[in-house]
Amino acid sequence: MKVFGLVAVFVVGLLLLSATQDFPSWGNPRSAASDGEVSSFYIEKTEAVTKVPNMVTAVLADFRGYDTMFETVVIFIAGIGIIAVLRNFEGSDSSIDYDNDDNGAGLLARFTCSLILPFIQIFALYVVAHGHHSPGGGFQGGVMLGASYILLALAFGLSKAKRIFSERRTMIFAVVGIFIYVGWGVLCLLLGGEFLNYSVLDSILPGDAMMARSYSMLVVEIGVAFTVTAIMFSMYSNLSTRGRLSKGL
Amino acid sequence: MTEHFPILILLVPLFGALIVVLLGRERPEQCWVTSLVSLGISSIISLFTIIVVFSDKVQTIRYRMGGWEPEANGYEVGIELRVDILAALVVFAVTFVGFVNTIYSKTRAEAEVQGKVPFFYALIQLLIVGLCGIVMTNDAFNLYVLIEITSLTSYALIAMGNRRAVLSSFNYVIMGTIGASFYLLGVGYLYIKTGTLNIDDIRMVLGNDNLWEHQSIVVAFIFIMLGVWTKMAFFPLHGWLPNAYAYAPSMTGTFMAPLMTKVMVYVMIRVMLWLFGYEFVYSGQHVWKELIIWMSVLAIVAGSLLALARTDIKKMLTYLIVAEVGYMVGGAWLGNVTGQAGAFYHILSDAAMTFCLFIAASIIVLRVGDSRVNAFDNLFRKMPLTMIGFTVGALSMIGLPPTCGFFSKWYLISGGIEAGQWEYVCALIFSSLVNAIIFFRIFERAYFGKIAGVKEDLSPSDSDANPDTGIKEVPWSMLVPLFIASGFVLLLGIMNRTLFEWIQTALEVMNT
Amino acid sequence: MDPIIANFIEENIVPKFNYWIYVILMMIGLYAMITKNNLIKKLIGMAIFQTAIILFYVSIGVKEDGGIPIISHHGPDHHQETEAHSEAGSENLKHNIIDKDKYANPLPHVLMLTAIVVGVSTLGLALAISQRIHKSFGTLEEDEILNKLRPGGHD
Amino acid sequence: MIEFSIIPLFTWLVSLLAVPAILLFRKRPDAREGITFLAAFLKLGMIFMMLPLIREGKILHFQFGEILPGIPIEFRVDGLGMLFALVASSLWILTTLYAVGYMRGLKEHDQTRFFACFAISLSATIGVAFAGNLLTLYIFYEILSLSTYPLVTHHGDKAARTGGRTYLSHLLGTSIAFVLPAMIYCYWKSGADINFTDGAFLDGKIGSSDGLIVLLAFTLGFAKSGLMPFHSWLPNAMVAPTPVSALLHAVAVVKVGVFCVLRVFTGVFGTDFLQKLDVGTVITYIAAFTIIVSSLIALTQDNLKRRLAFSTIGQLAYIVLGVSFLSSNGVTGSMMHIAMHAFGKITLFFCAGAIFVASGKKYISQMVGLGRQMPITMIAFLIGSLSIIGLPPFGGAWSKWYLFLGALDADQTAMAIVLVISSLLNIAYLLPIPVNALFRSPPQKGKKGSDAGIKEAPLACLIPLCITALAGLLFFLFPGLGFELAELITK
């Protein structure tokens, strides 16, 4: 197996490297990818047509919003997939006494966490909301928000975290997140545009069609953040307890 | 309204999945009804899509997400869905199999995935969303995302089975990730050279800038092909498939076996003809055409022989899938429209017959409680209805008229003869013969049972009543899907000419 | 050093070092996925493998003089103003000519955001599956698992 | 000339529609068998309705549903098909009558299944006879293989199982391995035209070496014709109940095989074109080899049904031999032999079954002196044997005569000699049976009480075999119809 693996790896590697002879060199601004019509369009026209200066966010949530919708669905699938594979519903019945040995970390850690948690969460919300203008967006913010709950679970024990963010609630959050995203797209359908064609929403949003795109991106980013937050926490809580959700690490 | 059909096909099961998760574990019945309704609506829409696409006016629906017209000097800036008759047919197959399989799942889901019914239905609906999306999308990267959606859902669905299933699911994760990543790499190489991700645009750039001779494009093609082959279990890369499909929960196996590999074959044809173009793929400069046909011959022969060597009925069927994948890869690579259209027609017919056989096998394993071939002892008397369904599927696998298997074999052999690839023709015939041995071995058991050696019933008026052995037919929720599947095996056979002409016309455009 | 080799390095490796790095990383990951016996090590290989591809994509988008693909008209210190777009400001924007060489190509970043998410999801699911394997077989070593399956199991 | 008609469809359909009715009345044997008879008579009636039209030289034609581009399911009744359908459907009636007697006499199990499969196989036979293109022919050929499988393995014991296995593996295997690719090759070569409608469709479209391969693939692929080396299914299929053997050997299966070979020669290539290609001789030699070898093997068999089986292999090879001469006399001889052999051989099988029903005897050595108890059966056996051997005044004489003429036309003197030798061999393996039974006294007289109690078989068995034996005689006197139909093909 080892020899076979080595041979396979070398063949694949050489094949991949052989292709680089006609690739552009590092940082070449005239390469087909960087200089192509599509890339130039994104750089030069994005702000004009969507009023969002962060091209990455605009491409992510608008031009390729369909991709991003499925990206959210991927996260959702991972969440329910882990539950489907790992969750042991019988195990949760014997969880009556988990409070005793699930007290989380020591006092110092708990105190520190309770101090910094609000700041983490506020920063996470900022990252979600400010994705139009600076690096950030639903995924990044959602992961931070999810991390804050994971920190909560680490410091105060999973039972405490679950009291705030129960399993049912994580599922609802995850579903609501996707629902916001897809529902927003369906709203465009209902108003006579294509799916995810935010510009038709100018009839119900303030501003012109371009501003409608800008606002809509915020909406879908919030949807993404919902799902990512919920699923990140759900993944953590399932993986750390072997699917019993009774006892933290 | 009709122009929105493609997206509606995807949205209905997506919402279905969300609702099912919200319904939760306490209401398995409602979960079933929800997914039945959502997949039913979806398959009705896809049926209408076929009609819309078939009308002369439309032919190809192009649906631009977000309303982004090709604004970058004619290049697409957004993601585009593209539904022609081929895509519409495959989408219908996917949604309809999903719908029928949901009927089958009615009792099995609760029995086999205790307490996780909503997650099962959610995952299977998302899998259908992914498969339909793969078929309809016209964006190379979006295709990757959707491939990963189908992969993730199928990892989870397979891992819901017993411990063997979990292990094979892990192997599938490794193989599937390598495959999908190779595909992603290939797309990256294409993107470097062309600067666009839209399939039509890539092909246009390849042609305009005459990039076909570049080493990087060749490598990109090799890696995309390797990725797709891994996902479709083409022979040397088939390792993950047999255990995964055989040990997964039965209603997962019945859904994935007919569809997953077939959709990837569709992707392969799309990549060959739409993304790279026939000038590149079949050009004489590359050695791969002959090589791949020989590989498909190997796949057919090896798949058939491995199937022959199995005694476990489901394992045997999974190796037959490996052989059938060889059929389709070979057909697509023959380099003529007959072969391609034959391979495409085989996507549909193989979906129908694999579905039929897997349902029948699952029913039998369930009722007899034994997954080896001797489960079939005397079944013609004990479970005549199930065996009728099984027989139809099996005859199609062997390739006897008037089942669809005969006609797909006909077209594939025609293509082989036309291309002068006799080794491929011989492999197809060899595989038919091996299939005949495999299935008649089973029929013999089912027909005779254990050899009694004496005539059991000497009364002049023979009683055809079942001997009371405790093995009875299964409830309607399993028999109806079986009969729908076997009905489709026959229907596709009867309608083959019409279908083939549609397919041929659609493919001819891509070969000139 | 042999001048041929030196020449090769100068022409093919130095200006294209990004491809070399990603291929080497990727091959490390692939090797681990194929040959490692421990399932978690396989997953680590998988993570390296996927990261290598991300590296490759992101390196496509780099431009020599390019900054981050966020348009800033007022320099980094004037964030507050960009946030509140005035009518006049947006009018100006349309007439502003944007030098595309000053911004990195945004598309690879977008694509990789998706790929990262996919990678995370796959990894999470794979970890869940390996936990199930550990629960059923009591080990994560592939050969031990196969040994446990041998008696009684076919194939 | 070609006339649209719906009768061929109904002729095909009538026995198929009988199947559900047979299954419906499975609890009432009389009604069940009544339906079988009704269907059989209806079928024969419809064939007689078509007969005058065919004799006028018309070709009846019906098609529906284009299943492949350019190829519908097509029924087309011409002289050859008419002759075969006539033989098959008239013998079906007799076989049914006989089967009723046989099956009830032996109290067989699963009679419903038996009659249902019987009806399906008859439908398939008519389908082959009336097939208007190669694909239709192939479809019904396969249906026939499958529907006769339950009949062959009717007993359900180990021998039946092995026999059935050989049966299916040979018939299905050869048809998939040889006929299917050959057919697709033809389809491709001839430009999507494999209809028998206007002459031979492969005429002038194929080279000599390709032609030989395709011809061989067809001739060997239609393994129902029993040509060596794919003959061994036939003796193995003798495990079946005797009515089935009779059906296999005289009515349906083997005749379908040679019929298909005849069609390939006349409808696919055309005898003139084959002469041009000069490939017929290969088939001639295979057939001649089969004739001699199978006759020699037949001599060594003691089991009556096995001896008859090898005799059938030899007789079928006559038919192939005749057509491979590529002369009109040869084809006429072959067509005549389809009918003559059918009536002769079915008589022999009926007799074998009657002997088994009445006395339980299977081996020739046990039948010495049996003529005392069963004179009618044995006389019928004698007549059947003489007809097969080809002695006047029995029908077989005509076909032998034309085959002989065909050999001479084709300047194949060697083959004429083969025909003579094989006729002598026929005499050697067939005639001793009735002669010994009729004219020698049984050994160990009275030693076994069982022999004394043997009487003739039930009337339902006896009547059919008398009719077929008489028919053999009548065909000598009135062969006109056969020649007329043969002429339609050869001219």
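Labels for the chains are A, B, C and D, by order of writing; each one numbers its residues from 1.
One rule holds for everything that comes next: a contact is a pair of C-beta atoms (placed from the backbone, for glycine too) under 8 Å apart; a residue touches a chain by one contact, two chains touch by 3 or more.
Since the model is a prediction, treat every value here as computed from it, not as a measurement.
Of the two interfaces, A-B and B-C, the higher number of touching C-beta pairs belongs to A-B. One finds 31 Å separating the Cα centroids of chain B and chain C.
Averaging C-alpha coordinates per chain places the centre of chain A 75 Å away from that of chain D. Distance between chain A and chain C, defined via averaged C-alpha coordinates, is recorded as 16 Å. Residue positions of chain C touching 2 or more other chains, listed in rising order: 30, 60, 107-108, 114, 118, 121-122, 125, 128-129, 132.
Counting only residues that touch two or more partner chains, chain B has 141, 145, 148, 152, 155-156, 159, 166, 185, 191-192, 197. Taken residue by residue, chain A touches two or more other chains at 16, 20-21, 23, 31, 33-35, 38-40, 42, 64, 67, 71, 74, 77-78, 81-82, 85, whereas all remaining positions touch fewer. Chain contacts here follow an irregular pattern that is not a line, a ring, a star or a complete set.
Screening every pair of chains for touch gives A-B, A-C, B-C, B-D.
By the touch criterion given at the top, residues 12, 15-20, 23-24, 26-27, 30-31, 34-35, 59-66, 68-73, 79, 82-83, 85, 90, 93-94, 98, 100-101, 103, 105-110, 113-114, 117-118, 120-122, 124-125, 127-129, 131-132, 135 of chain C touch chain A in their complex.
Those residues of chain A that touch chain C in the complex are listed here as 1-2, 4-6, 8-10, 12-13, 16-17, 20-21, 23, 25-29, 31, 33-35, 38-40, 42-44, 46-48, 51, 53-56, 59-60, 64, 67-68, 71, 74-75, 77-78, 81-82, 85-86, 133-135, 139, 235, 238-239, 242-243.
Partner chain B is touched in their complex by these residues of chain C: 30, 33, 39, 42, 46, 49-50, 53, 56-57, 60, 107-108, 111, 114-115, 118, 121-122, 125-126, 128-130, 132-133, 136-137, 145, 149, 153-155.
Those residues of chain D lying in contact with chain B across their complex are 26-29, 65-69, 104, 107-113, 135, 138-139, 142, 146, 150, 153, 155-158, 160-161, 164-165, 168-169, 172-173, 176-177, 180-181, 184-185, 187-188.
Those residues of chain B that touch chain D in the complex are listed here as 395, 398-402, 407, 409-410, 413-414, 417-418, 425, 429, 432-433, 436-437, 440, 444, 447-448, 451-462, 464, 494, 496-497, 500-501.
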